[in-house]
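Across the two complexes that follow, chain A remains constant while its partner is chain B and subsequently chain C.
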Partner chain A sequence: MSGQSLHPPLVSAPLLPPMAPPSGIRPSPATWIRKNLFSTPFSGVLTICFAILAAWLLHQLVSFAVLDAVWAGGQEECRANPDGACWPFIVEKFDYLRYGAYPVSERWRVDLTMAIGAVLIVWLLWKRAPRRNVAALLFFVAYPAVAFVLLRGVASLDLPVIDTVLWGGLLITLLMSIVGIVFSLPLGVLLALGRRSELPLVKAVCVTFIEVVRGVPFITVLFMANFMMPLFVPDYLTPDRLLRPLIAIALFSSAYMAEVVRAGLQAIPKGQYEAAKALGVSYFTMMRLIVLPQALTIVIPGIVSTFIGLFKDTTLVAIVGIADFLRAVETARVDPNWAGPTISSTGYLFAGLVYWIFCFGMSRYSQSMERALARGHKS
Partner chain B sequence: MQAILKGLVGAAVGLAVSNASAATIENVRKNGVLTCGTNSATAGFSLPDNEGKWTGFVVDYCRAVAAAVLGDAQKVRFIPLTPKDRFTALQSGEIDILAHNATWTSSRDTSLGILFAGTYFYDGQGFMVRKAENIGSAKDLDGASICVTQGTTTELNLADYFRSHSMTFSTVGFADEEAVVKAYDEGRCDVLSADTSTLNASRQRMAKADDSVVLPELISKEPLGPAVRQGDDHWLNVAKWTLLVMVAAEELGVTSKNVDEMKASDNPNIRRLLGAEGSLGKDLGLGDSWSVDVIKQVGNYGEVFDRNIGKASPLKMERGLNALWSEGGLQYAPPIR
Partner chain C sequence: MSDVLLAAPSRRSLSLHDAKVRGIIYQLLLAASLLALAIGIAVQTASNMRARGIPLSFGFWNEAAGFDINQTLIPYDTLSTYGQAFWVGLVNTLYVSLLGIVLATILGFVIGIARLSPNWIVSKVAASYVEIIRNIPLLLQLLFWYNAVLKTLPAPRASIELPGGIYLNNRGLIIPEIQLYAGAGSVGLAFLAASIFSVAFWSYARRARDRTGKQLPVLWVSLAALIGLPLIVFLLVGSPVSFVTPELKGFNYRGGHQLYPEFAALLIGLSVYTASFIAEIVRSGIQAVPKGQTEAAHALGLAPGKTLRLVIVPQALRIIIPPLTSQYLNLTKNSSLAVFIGYPDLVQIFAGTVLNQTGAAVQVMAITLSVYLAISLVMSMAMNAFNQRFAIVER
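Right after this comes the complex of A and B.
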């Protein structure tokens, strides 16, 4: 039986005119509000209660931070105003919060390092930028060396050496996070692959490392590194006291990263591995071209979550006497020259704002990444 | 196997000990800088200014030791420490000297492997009340409600004091000092009780700072002093006599301004203090001009007190127990001879 003899035809010849979407799929604002916020009397009451609470909180925040705040003047104006934030305090302490005790005459070096870093990061992360592989090479290979020379200094290049005890503020927080982020992803991938390896020794080493690191509190490791290590290791073998927590944070976050990456590896169907092997593709090529691109895409939310956690965990270095950004805020707020009823609240509000800006930025970027990389896994 | 293990452990311990108890003064001279552990941020005692330069009472003590050993009060590396890690940092050799708001107690002196080198600040728990209440003495505090930080010895001291004076009181406790000050400022209690070194700084943070006054009584003994590692008597002497020389200078009226003229003084005590006679510098293994360096670059005890926590500072603390013995206080330097 052929198609022509089928009567009546199953498909109508002319196209039907498009119809409006059924009501409720794309509702008007009024319908949306009715359906989502006032669907039952109970949900209506809840909506009103929470709207009042939100408005009250917002009002408190805005009046403290903006309306009642002191915007100009000095200590006297701030002391006279117990209701609002004291922004002149932040203005005066702004340099301290950014650089810590880094010598004033050398602060241009920090600015330059941060500017180069910012340009490279934008180049690396902006999806339509040309030659992003060059950016990656510069950022991961050349930049650490440049940053080291600029920040620490090399006497022969006419850059005085700055003792790391003097580094502080936002400089430390950014340094810690960038080192942690840059090292934890590659190390984490290696550890995750090692943990799934069939070679018993590699597997044992990786499992031991991951489980030991995850089983020990970060504070303990920092404490051991900065106060106990000089007890057992002679002076000339003890790394710099800023380098020790840097190494600790890189190793620490890589153990957590390994588990995130392993989750991605396990989500790739076994057939993909088998197909690659059947085609004679080598282990590393298979991982590089087939498995990892898919696995890492799946776990982007987990990776970025680990990064955000790492960014906030850097404040823990304050307990071993390294003046990170939060510590700088805490130090600034006890200055008796600026003592006033709202100084502490202003300091913490500012600190919260700065951390939020960085973390929110990371989170938004990861979401746009996910959308760009979603390859047919859209739900 | 066991022998090897024993050998290894022995070597590690030997290394640790030799590392920690090598003559501290040699290390300081070799490094050209004194590594000093201080409070991370305590108003008036140790605090970085807007440019990150450390200032404060205990900071100036470190500068004095640097002036004594290295001849330059600026050659100090400050390591901010919390109360939890301060003694560990000293024991491990991470710092050369600890100048913290640490109370000198018998157990710390005997069981931590450290020794206190003196008392630079006689602190103690005190009371702050509102002037309007017209209370002149802690003995008038019967029935008062008192704001305190919870979980510290502050509460225990209060209970002891009020019981021994057969008075009653009620506490309003908070987890951190910030909240305690705020509660007092808002009038939720009549009295604020804390160590006097922090009471004055707390008052600065109140909306109505001028309405409150600190009562004269102290109900606990908190002598704060510098500490060094046990087993280095030479270094202990340097730490001890740097402080005592500053006190002696105040007793003898030698200040950072007049120290050069005083060198020509006829008073034998002043001549011995400034190294014109006697051998204090040589006996301590320091240069002859070490005490002049200390006084000229840092100042005598009274100058350091006034500049950082006393009348010339925002904290405006009274000398109280920290006045010289000749003025009713406890600061007293043994004779230099």
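Right after this comes the complex of A and C.
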């Protein structure tokens, strides 16, 4: 310091050694336990009760799924073991659970469709991927056509046509959810725009559709699609048995999607609309280039959670005779060859795990997106 | 001056460049296409129905149904009409939904509050519950409860005996039947009188508080009235109640009240599933109340319990109630999953059996959809009224 030469030092030259921080500030394991587990007597009692409960549940799960489970062998071993899961059953049924009765020689087509879909979805959802709009275009326009050609088959392309009766398992579940999202998102955007339209008739039609669909259970919509759609059209136009629930799921989720998109539209400041109008931009250009890009970005978490709901709702298509993943588990479970005591529990545990991994993954993505968006708005 | 300058042109131009004209044209086009679609569908449906011999009228409503329903809350037998079957289904749907709403609310609030507990293990257990249950389809959970839990219970002959004459087996839970004798009505009347008194006392106490600033012990007085008065009357008329304990006769139990496994699985599944969503709503509602509110209440010297009851909960409730309503509606709609495990709800009886027997798809679906829409409408209206009472009065 320059002042040192002018004034005598007010501070003693050798600095005192720093004192240790008071105990309890630096979180040692003991203080952490005291603070988070035994802060009050009541909290201590709760800790002990819940620790016992959690330990018991974990022990039950681990001993059922791992320790007491049958890992190798076959039907005899499973019948002899009433305590643990029967994994050979899942191994044997694995292909059935994935493809249903899709012909074995053609299953590469399912794999290829799923691989393309997975690549496109990762491209679309990965925040730093280049040219995500191309991915969106491919996913929403080109992919449905490619998937249709691959899965159903076109005779002229040397891909034999596979009747939809044979489709099943995870293939149906993923197909239902992908079709649901691909068609419900654009439809939902249209409905949301219609609901906020200044034209009274357009608004009334959209509000009625959205509120009616959201007011009834999905099962009744499926029933309607299955029983009434064939009555609505001439015989030669009757939709395929798989197409009817697909239409139902697309219409049903579009109403929910519309409400999510509407929330996004409402969150866009009015100045954005007014500025666009002041510049003389037409309604559709304004929506396409100014409002929707902003609105859709902020509702990505909402879209993902609607999609999670849609993914879980695909289980209900079993009611109209479609063999989705859960239905395949149900069919496999009652196979008399595998009538072991824990076959049902094993099947449900496996199905639960599969659904949980998909849904939990998606909800994690939506949470990370939410955090990223919150950061973006603060800066 | 400015009026003159800004005056609208007197002549209205009828050109396509006028947004209003275009709007009218769009709407006319929409109306025309919707109308064409509706007429086309109506004509096609009528001709298809005639061709397939499907009834076009609602005449089936008064025809004998000819099937039996094992769980009814209102009188019904094989000779009853389709119309009566409809009412049985509707009452069953409402019954399981109402019970489910009560259970899911209790469970959801407990778990939501547990998630905010400062106790690490309590909050982690609650968080795991939410994350596991929420991410597994409801149908899978229902099938699990029904097929893997309730159906694997022992047969009636090897029932699990619980204290108090309660038996648990794969046909359900059998509890003693309550039989009422003369004089039981007066107990009910006493309870009614106590309820009226409690409401009157509550409103008196509120007025007294506004006048004097003193809080009367409303809770204790009403509890004493609600429990004490019926109890006194009960003892005075000489305990007009007896229990009929169920007895094993042949392959099943006779006497006693039976809770069927289909009903139990549906109730457990719906409550457990919906509770995970309610827990998240409760958690975010409580977290949305600014911390300054708690600090201000403490600074004013309010005890922690009163802070929670008088400051935090009223504000959190305002945020919680609208999404809670939609969860209640979801639960009611999800009760239609009963059809998968065979509980006779509206969809299973009416949109299932009645539709298959009569073939009257259009009429049956129209009635079913209207019922669910009406339930949605009534519930959202009730909740909106409730919400308005709770809504904060902003400056």
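Going forward, the second predicted complex is superposed on the first by the 295 of 379 C-alpha atoms of A that agree within 3 Å, B and C clash if a C-alpha of one lies under 4 Å from a C-alpha of the other, contacts with A are read in each partner's own complex, and residues count from 1 in each chain.
The rule is short, and it goes like this: contacts are C-beta pairs under 8 Å (C-beta built on N, C-alpha and C of every residue); 3 or more make two chains touch, one makes a residue touch a chain.
The model shown is predicted, which means the values in this text are computed figures rather than measured ones.
Undergrad: Just from the overlay, do chain B and chain C fit on chain A, or is there a clash?
TA: In the arrangement built by aligning on chain A, the partners chain C and chain B clash.
Undergrad: On the A-aligned overlay, A:G100 touches which partner chain: chain B = first, chain C = second, or both, or neither?
TA: A:G100 sits against chain B, while chain C stays out of touch.
Undergrad: Quick one: name whichever of chain B and chain C touches more residues of chain A.
TA: C
Undergrad: Contacts for A:T297 in the overlay, against chain B (first) and chain C (second): which applies, first, second, both or neither?
TA: The answer is neither, since A:T297 touches no partner chain.
Undergrad: Given the touch rule stated above, what does A:E92 touch, chain B (first), chain C (second), both, or neither?
TA: first
Undergrad: A:P234 in the overlay: touching chain B, chain C, both, or neither? Say first, second, both or neither.
TA: Touch status of A:P234: both partners.
Undergrad: Counting only touches as set out at the top, which of chain B and chain C does A:F223 meet: first, second, both, neither?
TA: both
Undergrad: Given the touch rule stated above, what does A:S305 touch, chain B (first), chain C (second), both, or neither?
TA: The answer is neither, since A:S305 touches no partner chain.
Undergrad: Give one of first, second, both or neither to describe whether A:L326 is in contact with chain B, with chain C, with both, or with none.
TA: Second partner only.
Undergrad: Between chain B (first) and chain C (second), which, if any, makes contact with A:L46: first, second, both or neither?
TA: second
Undergrad: For A:P336, decide between first (touching chain B), second (touching chain C), both and neither.
TA: first
Undergrad: Pick the chain C stretch that clashes with chain B in the superposition, from 78-86, 132-140 or 150-158.
TA: Once both complexes are placed on chain A, chain C clashes with chain B in 150-158.
Undergrad: Intersection of chain A residues contacting chain B with those contacting chain C?
TA: In chain A, residues 223, 227-228, 230-232, 234-235, 318-319, 330, 344 are touched by chain B and also by chain C.
Undergrad: Could you pull out which chain A residues touch chain C in their complex?
TA: The touching residues are 36-37, 39, 43, 46-47, 50-51, 53-54, 198-202, 205, 212, 214-220, 223-224, 227-228, 230-235, 308, 312-313, 315-316, 318-319, 326, 330, 333, 344-345, 348, 351-352, 355-356, 359-360, 363.
Undergrad: Which residues of chain B touch chain A once you look at their complex with the stated criterion?
TA: Residue positions touching the partner: 12, 15-16, 19-20, 37, 40-44, 47-54, 77-82, 84-85, 88-89, 91-94, 178, 182, 185, 201, 204-207, 209, 313-315.
Undergrad: For chain C, which residues count as touching chain A in their complex?
TA: So the residues of chain C touching chain A come out as 23, 26-27, 30-31, 34, 41, 44-45, 48-49, 54, 117-122, 124-125, 131-132, 134-140, 143-144, 147-148, 152, 329, 333-334, 336-337, 339-340, 347, 351, 355, 361-362, 365, 368-369, 372-373, 376-377.
Undergrad: Going by the contact rule at the top, pick out the chain A residues touching chain B in the complex.
TA: Result: residues 79, 82, 92-93, 95-96, 99-102, 104, 163, 165-166, 168, 223, 226-232, 234-235, 241, 318-321, 323, 327, 330-331, 334-337, 339-341, 343-344 of chain A touch chain B.
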